[in-house]
Every structure is written in structure tokens, then in C-alpha cells.
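The two complexes that follow have chain A in common; it is paired with chain B in the first and with chain C in the second.
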Partner chain A sequence: MKKRKFTFLTFSFYAFLLLIAASWYFVIGVKNASFLELFSKENVAYASKFFKGLFGVGQEEIAFLNRDSWSYAFTLTIETLQMSIMAIGFSTIVMFLTVIPAARNVADGTLTLSRKWYRWVVFGLIRISYIFSRAIPELVWAMIIIFIFKPGILPGAIALALHNFGILGKLCAEVIEDTDSRPIRNLASAGAGRAQILMYGVLPTVLPQFLTYILYRWEVIMRTTIVVGFVGAGGLGQEFKLSMSFFHYTEITLLLICYLILVIIADFISEKSRFFVK
Partner chain B sequence: MSNQNILEINQISKNYERKIALSSLSFIVEKGELIALIGPSGAGKTTLLNLLATILQPDSGEVIVDGKPITQYADQKKRAKKIGIIRQQFDLVGQLAVIHNVLAGRLADWGFFKSLFSLFIPQEKQVAMKALERVGLPDKAYERTSNLSGGEQQRVALARLLMQKPEIILADEPVASLDPARADDILDMLTKIAKEEHQTVIASLHSVEYARKYFTRLIALKNGELFFDLPAEHVTDEQLQDLYQLKELK
Partner chain C sequence: MLSFDLHKRKVLTLFLLLLFAWSLFGVNWQEGVMHSSGIGPAAEIFAAMFTPDLSLDILILAIESSWLTLAYATAGMSLALILALIIGILASGVLASGKRSRTYMKGSFRGVLGFMRAIHELVWAWLFVASFGLSPYAAIFALAIPYGGILGRIFADMINDVPEEPILALKATGASRLQCLFYGYLPSVKNSMISYTMYRYECAVRSSAIMSFVGLGGLGYQIQLSLNDLHYDEVWTFIYFLIILVILIDGWSNMLRKRMQL
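This part shows the complex of A and B:
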């Protein structure tokens, strides 16, 4: 057994070397790519123009030194925050409504000690909806939703919620699947009904984990608002897209600073609440 | 009146795949008896307890609890009044405060809203505190259960049984993961409480010493069959040696 494992390891090692050599040969030999071309005169000029623009060198109106643009950016930041909270709120509510029948150990009855044939049907339906929802990226969801609603933060929030509901559902269903069934069986033998088992056995064990996942997804949603904003879902992302199209480089700097602040806040909150839960 | 016989076991058998776990086992338990199930590993002790707890169903034979077949106790609320279980740890919800684990013994009598409300403001707190006092943990009521030691957790499980007040207590290796001093303590408490509350105890044990010390009747199982069934003081060392003897290689 040991010898076979060793030969497989050596094989994969040589295959790894061969792959690296072959890919470099393809990049340099076949495609005639040159690393130095990246630093050609034009590229350097473009880059320096862009970065100078970002820092406002030689520009008349510098957005991040302007009070009005700051206050405008502030309202956009609040909008983005609202969008992210709405998104995580929607997906959390729907996740909570669906997650329990979506756990395998609930479907086969080992957790709740009651077996019903329809549990598997419900399980399958919910799991398929999870897969469907998370297989489609936020951006695509946003494009579809914007098609129906008029642009704004609500469709953005719905698009983000649609994508994250599948992710949260899957993660949280797995948390339920990992719970120790022994305390729960004992609750059942102490005479607890289904709802009571849920309240005393399942929820206390899974909620801290759920909260960690919800906060983490909230953080991710906050960052992804920029992506859905690109297709008109409002907030900082939409303004970012507009500034980019109008070559208002200093505005981009301002918006990036706002993003930075948002992410730092989200980081701080999730860190603190995770500490609190433990 | 068969009220004296709280439990009748009639010819029950249970097979796993090809392995025989229990083969036509029968005995009768009277109310208030303290029974220790002993025997080597794999003799069927846990299987028997799980059958009595209705976690498993027998392949054949029947179990009669207080004059009625056990299948008539399908409602877990009614069953909880007759049969309570304590295991070797892991039977408490670690994330809950101790008092909620104790109050879980009352869930059979509580409705949905009372149980929900109790998670925020503990209901019937006096009774729970009394139970905790009896097991010697009155000051731990609001601690997180998983922060308690193994022995303390078993005491909490006992307090929960005090709240549940079943007529029969099934104990599956209640002291397997405890050191001798704690084990003595828990068994002493379990048997004392059972005597005070006129409960019947059926406990599976690894240690013959504890079985003889705390229980009135020993039932020995070997390879799924009854090896002996005697009052504790009539069991001889020779019989015990036979019970735990390894199969001789031929």
C-alpha cells in the first residue's frame, strides 16, 4: 500500500513539473508573449495618467476635497448599507423558513425521531432551490431583477438576497446535519414534542454557527453591492460605474474611501458580535 | 391486578444483519426493584435498554409496561411519564444553561408557549432549584452546561429525571466516563432518589462491584441470552468469572 502511494506521489510530482514547463513554452514560444511588453511606453503613460487622476494631480475639481461630494457620497454610503442590510435580512428570513426541512438528518427522521415520507420531497425541493439560487451569480440576478423593477436599492437588495439565500441555506443546513443527535434523542425521551425539540435541542446548538455565517455573508454582500451597482442597482456601485464612464477619477478615489470605511465597520461589527456569542 | 409488575419482557429477540443481539429473552420486573444489567461487551445490554426506550423495535416478542404493551405508548409525552433515560454523558444540550436542561424534564407537561417562554424567564423555577439542590448543584443553575465537569453533568441529568418523574429509569452506562469517586457518588444518588420516589431502575454497568453494592438484583447477559438472574447477594464470584470469561480458542 505504502509503495503504491509513493509512486503516485512521484508521478504527480513529475506531471506537475512537466505542466509548468509546457505552459511556459506555450506562453513564450507559441504565443510570443513578452513580459516586458507589459511595461511598454503607452501602458506606463496610461497608468500614470490614471493614478495621477485618482490622486487629483493637475485637476480643477477634486471630489475628495469637496464638501458637497462628500455629503453626496455619504448618502450613497448609507444607501449601500441599507441595501446590504436588506439583502442579508431577506435571505436570513427565507433561510430560517426553509433550513430545517433542508437538513438530511431531519428528512430521514434521525434528528426529530419522526419519519414521514413527504419529508424527502420537501428536502429535495428546498435543496434544488438552494442550488438554483446560488448557481446564478449576483450580477445576473441583478440584471434580471432590474429588467422587472426600476433601478434602485430595492432590486439590488433582492438580487443579492436571491444569491445569498442559497449559500446561507446550504451552509446552515450543513450545520444542522452536524449537530449531535444524542442530546436531542434524550429530549425526545423526556417527552419533548417536535417544536420543543427544536427550541431546546436544535436552535441553541446551531444558532451561534448560524450567526457566524450570516455575519460573514453580510460582509461579502457589502462588498458585492459594488458589482450589482454596476447594472443600476443603486448605491456606491452605481455611482462608481458612472464616475468611471465620465472619467471623474477623483470621485472614484472618494468612493473607494467610502467602501473602505464600510468594510472596516462591517469587520468591526462581526468581530465584536462573534466574540459576544462565544 | 398486574400493578406490581411494572415491566414484563416476553421472549424478545433482536438481530442486526446476521448477528444475534438478543435471543428470546424474558424476565419480569417488579415495581421498585433496582436492577443492574451486567455482562461482557456486546452481550446485548444496550440493545435491551434501547428496546425498552422504544428507540429500537424487537423482531419478535413483546414488552409490557404497567400492564399495557409498550407499543401503546407511542405518544412520547405519555411514554416520558413511564420511562426516563440517563446515559453516559452527551445527553444534555451543552449550549443551554443548566436550569433549562433541568426544566427539559417538564417538557412533557408543557405546551408550546410555556416552553418557549421558559427559555427567557424560567418557569417552575422553584421546583427546578429544589431538584438541583437535591443533586448538590444549587449554585450552578445559570452556568452553561458544557462548562460543567462530567460528574456535574450527570447530576444535572439526574435533576432532569427528578423533574420528569418517570416510573422506570433506564440508565445506560451512567458512570462509564467518570472516575471511581464520581461514579460512586452518582450511583449512590441515583439509587437513593429512586428509593425515595419509588421508582424502578434498570442500569447497565461495566463494573460488577458497583452492581453488587448499589443494586438489589443482577441480570447477567451473555451473547444475547440470559446468563443468570439473581438477587445481588446470591451472586457468586464463580458465576461472575464464568460470565466474563473469554471464549477459549480451539
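This part shows the complex of A and C:
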């Protein structure tokens, strides 16, 4: 046993080194990307022009000194906040509906004391849907969803929810697998139905842990709202994309400030509430 | 410490539900949320899911772009790891001498890490592309900065959570701060660092796939092109390749984690 562990670890280590070397070789050798070329005269000129544009040097209309654009950015910020809450809400609802059969100890019947053959089928189906949903990035989901729904915060929220429900489901199913099964088995043997087991047995024990995960994912969603906005799913990201295409650089600065404020608030709330839940 | 009793939990749940209900008012439900012809494409996309395009040139293209995605992710991750180790160790404050300099060091480097990870990698990519063109380095740096921030913060937290006793023992034998770091802190957090890095590596592959959006190539770029051409079957081929890539890395990191716990 010990020998095998050693070989697998060393194998992984060397494989990883090889992978790193190969990818750097690919970037530098095959793609001919020269690091020094990044700092050629033209690039420096472009970059300085871009950053001057961001800070509004030598421009007539500076968005982040303008009151109207601040109030517009504020409404967009609220919209983005709504989108993130909606997204985490949707994914939480779907997660709650699927998480119980997705736990391994429910599927093999140790938790509920009843073995049924179809439990494993349901378990497999739900787990596959989790893998599927979390392997596809939210931006790709958004690109697909935008074909179906009208642009706005709803498609953005749905795309974010589709990606995050797999992650939440996997994390929360693991929480259920780790819970103490004795109180729940007691409930089951007293004749409690599935909903009763969920309400009185599972939820009280796992809820604090679930809340931590939900808040953690909410924080991540907050950060990704800007990305789904790029493909037209509303909020700050959409405006960011538009200003980028119109070269309204000062607006970009304003939007980035709003975005940073949102992210920092989300970070703070999730940190503090994690402390509270503990 | 506040205790999280039943009453508080009910209040919190109610509050969160209200928040969710409020967010639903942000959508204009009256005018309909779907395109007038929204069902058609939805059905087509769904049908294409079971008939991915498996012709040879698409497969070759998919393999090439998978490698590109993986290469960017690996290169970005290796840079992120270096950044995270340096800034993370500084941000944990174990190298500071006095109590005062420790607080300053912790505060300032944690601030740097916070800034690095506050901006999403796609926004970084966009900023880099806008300032120095479509170079692979734009993708690599755009990955390295936010991932360095996340990893560095977690590394700093891990180092701060190391139990005091072994470090005190080392100090009693006359070890310097640097020796404490190399022989006390780092060996005790090595395993959790590796497993967290592997988890992040999986995320980095996904992120590197969506770097496409600014025109940097890879799987996401192909997905976008095929979507714009309405070739849904090709879209699903690329998506399946992405899923396979993610599952492979996930499996590798799971195996590694299991072995390290033994």
C-alpha cells in the first residue's frame, strides 16, 4: 500500500511538471509569443492611451464625474444584485428538490432504512445532471440561453443558476452523506414520509452547512454576473460590453467601480455570515 | 460567539426568502420572457444534444482547441501558484518580526490579494487585450492574477490555522523565522495546499475555455463561432470535449486527494 501511494504521488508530480513544461513550450515555442514584444513601443503607446482613457485624461465628458451616469450605474447595480439573488434562489430551489436522492447514503438505504432498486437509478441520473451542469461554464450557458429568452436579467440568472446548481448539489449531497444517520433513521422507522424526513431530520442538521455553501456560491455568482452580462444578459456586464464597443472608457471605469463595490460587499457579507452561522 | 438557534434560523430563512421574492420583481413578466420564436431554437438545441457532430475535421479541431485550453490553464496556473506562494506567505504575516509590523503586513498583502481576486478573469483578459493586443500572455496573465489572489488568500488562511505548539517548539530550539516557515509551517499545510490547488486547476480549465470571448482561442471560442453559425451539433461536440477535460482533471485530483489522506 505504501509503495503504491508513493509511486502515484511521484507520478502525478512528474506528470504535472511535464504538463507545465509542455504548455510553456507550446506558448513560447509554437505560438511564438515573445514576452519582450509585449513591451514594444507600440504596445506601450496603446496601453498608455487605454489607461489614460480609463482615467478620463483629456476627455470632455467624464462619466464618473457626472451625476446622471452615477444614478444610471446605480440602477444597473441594483439590477445586477437582483440577478445574483435570483440566480442563487433558483439554484437553491432546484438543489433542494434533488439533493436528497443524490446522497449516496439515501441511495443505498442506510439513511432511510428502505431499499428500492430505483433509488440507484435516480441517484445516477441526478449525479450525471450535476456533472453536466457544473462542467459547462456559465458563459456558455448564457450564450445558449440567450437564444431562447429575451435579453434581460432573467436569462442571466437562469444561466448562472444552471451552472451553480451542479456545484451546490454536489457540495450539499456530500454534507448529507457526512451527517449522523441515527436520528434520521429513527424518524424513518417511526414512519415519517419523505417530506417529513426532509423537514424534521435532514434540514435541521445540515442547514447551517448548506447556508455556508449557498452564501459562498452567492459570492462567486456576484463576481460572475458581469461575465454573463457580456452576452446580453443584463446588468453591469451588458453595459460594460456596450461601453467597450463604443470606446466610452470613462464609463468603463465607473462600471468597474460599481462592480468592485458590489463584490466587496458580497465578500464582506459572506465572511461575516459564515462566522454567524458557525 | 452567537449561537445559531432555531428561532434565529427561522428569521434568517424568512429574510432570505423575502430577498429572493424581491429579486423576482426585477423581471418584466407581463411582456413575456421568451422570444416569440423562442421554443423553436430551444427544441433544436436540445435535439442537437443527442446528435453531436463527430466528423473528422471537427474532432481534430476540438482536440486542438482542448489542448490550447489546457495549455493556457496550466501555464496560468503555474504562474498563479508562484504568485500565491509569495504573496500568500507574506500575507499570513509569519515572516514579520513584531506585532505591529505583522498587522501592517497582513493588512496590506491581504488587500493586494483581495484586489487581485475581486475582478473576474474575463475582465482582466479584456483589460489585457485592450492594452497589449491578442497575445497568449493576455490569457495567461488574466488567469494568473485572480487565481493567484484566491490561492494566496487560502494559503494565508491555512498557514494561520497551523497549531502553535510545533512552531513554538521550533522557536525554542533557536530556529529563525525563515526556518520556522520552511520546517514548521509549510510541511504541515503542504497536503491541503496541493488538494486545493488541484481543485482550482479544474476551475482554471473552465475559465480558460471562456477566455475565448475576447478572441483568445480555445474551446469556448469554437463554441461561440459554432453558435453564431447556428451549428448546434458542433456546439455540443465542443461542450462534450470540455466536459471530458473537466472530468479527467476532477478524477485525477480526487485520486490524489484520496492517496494523500492515507
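The definition used in the following text is that the second predicted complex is superposed on the first by the 223 of 278 C-alpha atoms of A that agree within 3 Å, B and C clash if a C-alpha of one lies under 4 Å from a C-alpha of the other, contacts with A are read in each partner's own complex, and residues count from 1 in each chain.
Basically, a residue touches a chain if its C-beta (ideal position, glycine included) is under 8 Å from a C-beta of that chain, and two chains touch if they have at least 3 such contacts.
Owing to the predicted nature of the structure, the values given are computational and were not obtained by experimental measurement.
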* Answer with first, second, both or neither: which of chain B and chain C does A:Ala188 touch in the superposed model? => first
* To do: Scan A:Gln82 for contacts with chain B and chain C and give back first, second, both or neither.
  => second
* With the two complexes superposed on chain A, say which partner A:Leu242 touches: chain B (first), chain C (second), both, or neither. => neither
* Asked: Which partner, once the models are overlaid, touches more of chain A's residues, chain C or chain B?
  -> C
* Asked: Which partner does A:Ile62 reach: the first (chain B), the second (chain C), both, or neither?
  -> neither
* Touching partner for A:Pro208 - first (chain B), second (chain C), both, neither -> both
* Have a look at where A:Ile257 lands relative to chain B and chain C in the superposition and call it first, second, both or neither. => neither
* Asked: After superposition on the shared chain, which partner residues are touched by A:Val122: those of chain B (first), chain C (second), both, or neither?
  -> neither
* Asked: Both chain B and chain C touch chain A; at which residues?
  -> 204, 208
* Considering the complex alone, what residue numbers of chain B touch chain A? -> 53, 55, 76-77, 79-81, 83-85, 87, 90-96, 100, 104-105, 107-110, 112, 115-116, 119, 160, 164
* Asked: Any idea which chain C residues touch chain A in the complex?
  -> 1-2, 4, 6, 9, 12, 19-20, 22-28, 31-35, 38-39, 41-42, 45, 67, 70-75, 78, 114, 118-120, 122-123, 126, 130-133, 135-137, 140, 206-207, 209-210, 213, 220, 223-224, 227, 235, 239, 242-243, 246-247, 252, 255-256, 259-260, 262
* Asked: If you look only at chain A, which of its residues touch chain B in the complex?
  -> 113, 180, 182-183, 185-193, 195-196, 199-201, 204-205, 208
* Contact residues on chain A for chain C in the complex? -> 1, 5, 8-9, 12, 19-20, 22-24, 26-27, 31, 33, 35, 37-38, 43, 46-47, 50-51, 78-79, 81-83, 85-86, 89, 131-132, 135-137, 139-140, 143-144, 147-150, 152-154, 204, 207-208, 211, 223-224, 226-227, 230-231, 240, 244, 256, 259-260, 263-264, 267, 276-278
